[in-house]
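Here's the structure we're looking at; comments come further down.
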Amino acid sequence: QIRQEAAVANARQLVEKLNEHCFERCVPKPGASLSSGETTCYTTCMEKYMAAWNTVSRQYVARIQRESAAAPRY
Amino acid sequence: QIRQEAAVANARQLVEKLNEHCFERCVPKPGASLSSGETTCYTTCMEKYMAAWNTVSRQYVARIQRESAAAPRY
Amino acid sequence: QIRQEAAVANARQLVEKLNEHCFERCVPKPGASLSSGETTCYTTCMEKYMAAWNTVSRQYVARIQRESAAAPRY
Amino acid sequence: QELQQFVVNESQKARIQQSIHSLTDICFRKCITAKMSSGKLDRTEEPCMQNCVDRFMDANMTVLRQLEQMRTQM
Amino acid sequence: QELQQFVVNESQKARIQQSIHSLTDICFRKCITAKMSSGKLDRTEEPCMQNCVDRFMDANMTVLRQLEQMRTQM
Amino acid sequence: QELQQFVVNESQKARIQQSIHSLTDICFRKCITAKMSSGKLDRTEEPCMQNCVDRFMDANMTVLRQLEQMRTQM
């Protein structure tokens, strides 16, 4: 159960950060509704942010594993 | 008592954010004392930030209520 | 033991903030390795950030003490 | 059980407060760009703040819908 | 009761540490704008950092005083 | 004791997740600067994100090494 809560917190933070970046970039002047250009930008930005998050995860975890293999702790 | 602590934490965060924005804007080069121009700017900025916070609160809560009325959860 | 944990948390936050600022400034375009210019900039930035942290600590604590001496609380 | 309900309610409230702080931060930056001249929100700032809240939530909905879709496809 | 005093003291210390981190962050951004050439704070950076701390606290005082005033008027 | 191990593991995981969020934030800002045209990372963005993670960790190592050295000299 604790694990599930951690996963939810993790997903929530991803969405928060993503919104921060993509709203900043794709909606410079908020109007009476999201224009189709803004919506397209947002969807693209969202996919890119998640791709970036995946790349960072892979790279970071690989690095940590390499380092802990080089200097094992007993 | 928990409620009161929450209210204090809430007020504290408002003041923190407000200081962040207004100090950034109104005191570009900190000198030996706050000039009267800086003080005026700060007071105005503070009032505006609190007005903004009020507008956001009203708009956000109204939106949440509209949405939870449209899609009630049992 | 609680005190020690607090000290560790404090040091960790200093390092985090320092990395944020110095990486931002010294590594504008991350390449295949840190160039010697980037490394020098980083070391300098790190020392400056820690010097800044020391100055802020001294100034802040002195100010608090002055104020609590002027208006003692019973 | 009453206690549990109390905790749920309070943490929901805390989350709403958090969102309000974060939205005020984001939208103040976007909408209040002119020189500080009055402590009130002016004729362009007030609707900008309101639109900012609503567009942010529209965008957030888009994200959540897409995440939902991705989960179903897995 | 001693335990309670210990908790109060420690959380006060934690809050002071937090303020120091946040002030270092804000003032480093404001005062350290030149190229990193030395690890020490130079002749303009050191007083700028000190003034930054003091002016921030002056401004904070203004805010708290005004909030107090508003509360009395309610 | 199993419980303790569980807590240690989970909080380590939480710290790793935190680092991944923070690195994604920093590196997205550095590497994704062009107009959003595709949801995937393009030929320059992907290696930039990877290098960004690795260089950040190199720089972080430098900092930790220097802090260690300073502690030994005290």
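General remarks:
Chains here go by letter, A, B, C, D, E and F, matching the order in which they are written, and residues are numbered from 1 within each.
By definition in this document, a contact is a pair of C-beta atoms (placed from the backbone, for glycine too) under 8 Å apart; a residue touches a chain by one contact, two chains touch by 3 or more.
Computed from a prediction, not measured in an experiment: that's the story for all the values here.
Chains that touch both chain C and chain E: there are none.
Path length between chain A and chain F in the chain contact graph, taken as the least number of steps between touching chains: 1. Interface repeat of C-E: among A-F, A-D or C-F, over half of the contact pairs recur, by residue number, only in A-F. Chain centres here are Cα averages; for chain E and chain F they lie 28 Å apart. Work out the mean CA point of chain B and of chain E, and you get 18 Å between them. In chain C, the residues that reach two or more other chains under the touch definition are 26, 43, 46. Residue numbers of chain F whose C-beta contacts span two or more other chains: 27, 31, 54. All chains form one closed ring of contacts, and listing them from chain B in the direction of chain D gives B, D, A, F, C, E.
The part of chain B that touches chain E in the complex is made up of residues 11, 15-16, 18-20, 22-24, 26-34, 38-39, 42-43, 46.
Those residues of chain D whose C-beta lies close enough to touch chain A in the complex are 22, 26-27, 30-31, 48, 51-52, 54-56, 58-60, 62-64, 66-67. Against chain E, the residues of chain C that register as touching in their complex are 2-3, 6, 10, 13-14, 17, 21, 25-26, 41, 43-49, 51-53, 55-57, 59-61, 63-64.
Chain contact summary for the complex, chain E toward chain C: residues 10, 13-14, 16-17, 19-21, 23-25, 27-29, 31-32, 36-41, 45-46, 49-50, 53-54, 57.
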